[in-house]
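Labels for the chains are A, B and C, by order of writing; each one numbers its residues from 1.
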Amino acid sequence: MFYTTDDIVVVVDIVGTLVFAISGALAAGEKRFDLMGVAIIAFVTAVGGGTIRDLLIGSHPVGWMQSYHYVVITIIGVLLVFFLHKQLQRFRTSFFLFDAIGLGTFAIAGMEKALSYNINPGYAILCGMISGCFGGLIRDVLCNEIPLIFRKEVYALPALAGASAYLGLDYLGVIPEVSFPITIVLVILFRVFAVRYNWQLPQIRMD
Amino acid sequence: MFYTTDDIVVVVDIVGTLVFAISGALAAGEKRFDLMGVAIIAFVTAVGGGTIRDLLIGSHPVGWMQSYHYVVITIIGVLLVFFLHKQLQRFRTSFFLFDAIGLGTFAIAGMEKALSYNINPGYAILCGMISGCFGGLIRDVLCNEIPLIFRKEVYALPALAGASAYLGLDYLGVIPEVSFPITIVLVILFRVFAVRYNWQLPQIRMD
Amino acid sequence: MFYTTDDIVVVVDIVGTLVFAISGALAAGEKRFDLMGVAIIAFVTAVGGGTIRDLLIGSHPVGWMQSYHYVVITIIGVLLVFFLHKQLQRFRTSFFLFDAIGLGTFAIAGMEKALSYNINPGYAILCGMISGCFGGLIRDVLCNEIPLIFRKEVYALPALAGASAYLGLDYLGVIPEVSFPITIVLVILFRVFAVRYNWQLPQIRMD
């Protein structure tokens, strides 16, 4: 192999954190929060999912406290939104892809961290989903909005599918250097099809 | 005794979890969340109170991660709401009673877990209330509603009373096999009277 | 010195807790919550920031469980609001000052607790800000309002500045008995100027 999974995970973790921070900053900007509020929402969106996972599995201090790069990336994201948010609109498609990459990476990394804390496989997959999705959930709660992932987009399911696929390939003996890119592509395709063909999970007809 | 408290607690814990999951699924269904959103809200409503208690007292990983039955019961609750929510309406009175049973059981079990972590008695009682009530609190926050327990129903107080009564009976030397059913009946009666006679705790007159 | 920092911190911690509890009780009263809801919001506002800090750094059980004085002070605050909320209006300026004192104290004490758990200095300062501000944040989320600190008032920044200044003075060798009052005065002045001259942090122009 010309690369190790660790190399990719580091790069993709940075990309995911930046995209999540930008998504938080944009949501907070639309709510007309001030710069401090924007920064707090951006940071919480970027690290919130992993924070909840760490609290649930009992990993403390929470992961982001062990490195300054989450704060630095958040500040970069906030500055990008502050100065270049109009230009950012042009890269919508790239963002969508980066967001799917971040979702998949956070789901896989979150699941692996849970496994390393002896959480059983089913709940480790759930921890992966939480790592990928719950940052956006907290963002929406703090912005006083109904969480997006509950309604409009098939978002939690691809995270669940990605974490499950990665774990399944691992059981089949596939090495991470192979299963990681496969899983990420799976999550991206899931998201692309869901949005392009307007997939909707069934709702409960209450009337 | 023909039964032990452990036997009852296991049965009643299952009943409480199912009723709480159904209450979460119904709330999410009314908000037109998709099936994944409904499942997440149902699960969070069922295990949320105990999760907050576990985080506060430092029990990790959180309790529900040690058994799959919470996920299984949640899925059953979601399927019941999805396929039979109209029929469920007919069992409103039963639900109300089961909910009161769940509230009482969660309050007692939550208090006992806190005591086993050397939390002092007053805060252990508070942990009991949190175990019983805060799942519904998180449900309402995630549904972007003002939490029900703060306004309409005398709900937190019966939990507080139940946990206190159980602890008081324990200090008086009453064995759990006796004090448990007494306490649960007390919580049920408190809830029945509160709803039937429209009890309201005083509000602050701000004008 | 005629006093030690410990003496002041104890006194100021009580003042801060009371003021935060009153601010929570007033917000809940305006939402027409019942007395139990008012008490829960008051308690959560008073101890919420420190609770989140304790969960993040892995200090458990959370700090307030080690002493009953937080509950007692909360009950006093709720009773004050219940019986005397009209008279409390007259002390608005005092409240504003006490709130700033509480903000500064919680920020400094929160940072020091984080440092004692080997959190690095940058994140310890962030923990100070969380201790000072996030109680009000939870209050607003539970009241189904957009958090005030994200919009209207320069509130998180003075907490950040206070924690940073205190740590900076500590590195310069200034003893706590001197740096503590200096920092608190700094936070108060920051808040006074921010409100009097209507300071606003920049917003992102999204249109």
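What to note about this one:
FYI, a contact is a pair of C-beta atoms (placed from the backbone, for glycine too) under 8 Å apart; a residue touches a chain by one contact, two chains touch by 3 or more.
Everything numeric in this text was worked out from a predicted model, so none of it was measured.
Where chain B touches chain C, under half of the residue numbers in use are shared by the two copies, so each contributes mostly different positions. Simply put, chain A must spin 120° to overlay its Cα atoms on chain C, rounded in steps of 5.
Rounded to a whole number, the gap between the C-alpha centres of chain B and chain C is 31 angstrom. In chain A, the positions touching at least two other chains are 55, 141, 144. Contacts from chain C toward chain A in the complex involve residues 55-58, 117, 119-120, 122-123, 126, 137, 141, 144-147, 149-151, 154, 156-157, 200-204, 206. Taken in their complex, chain A has these residues touching chain C: 25, 28-38, 40-41, 51, 55, 60-62, 65, 68, 71, 81-82, 85, 141-144.
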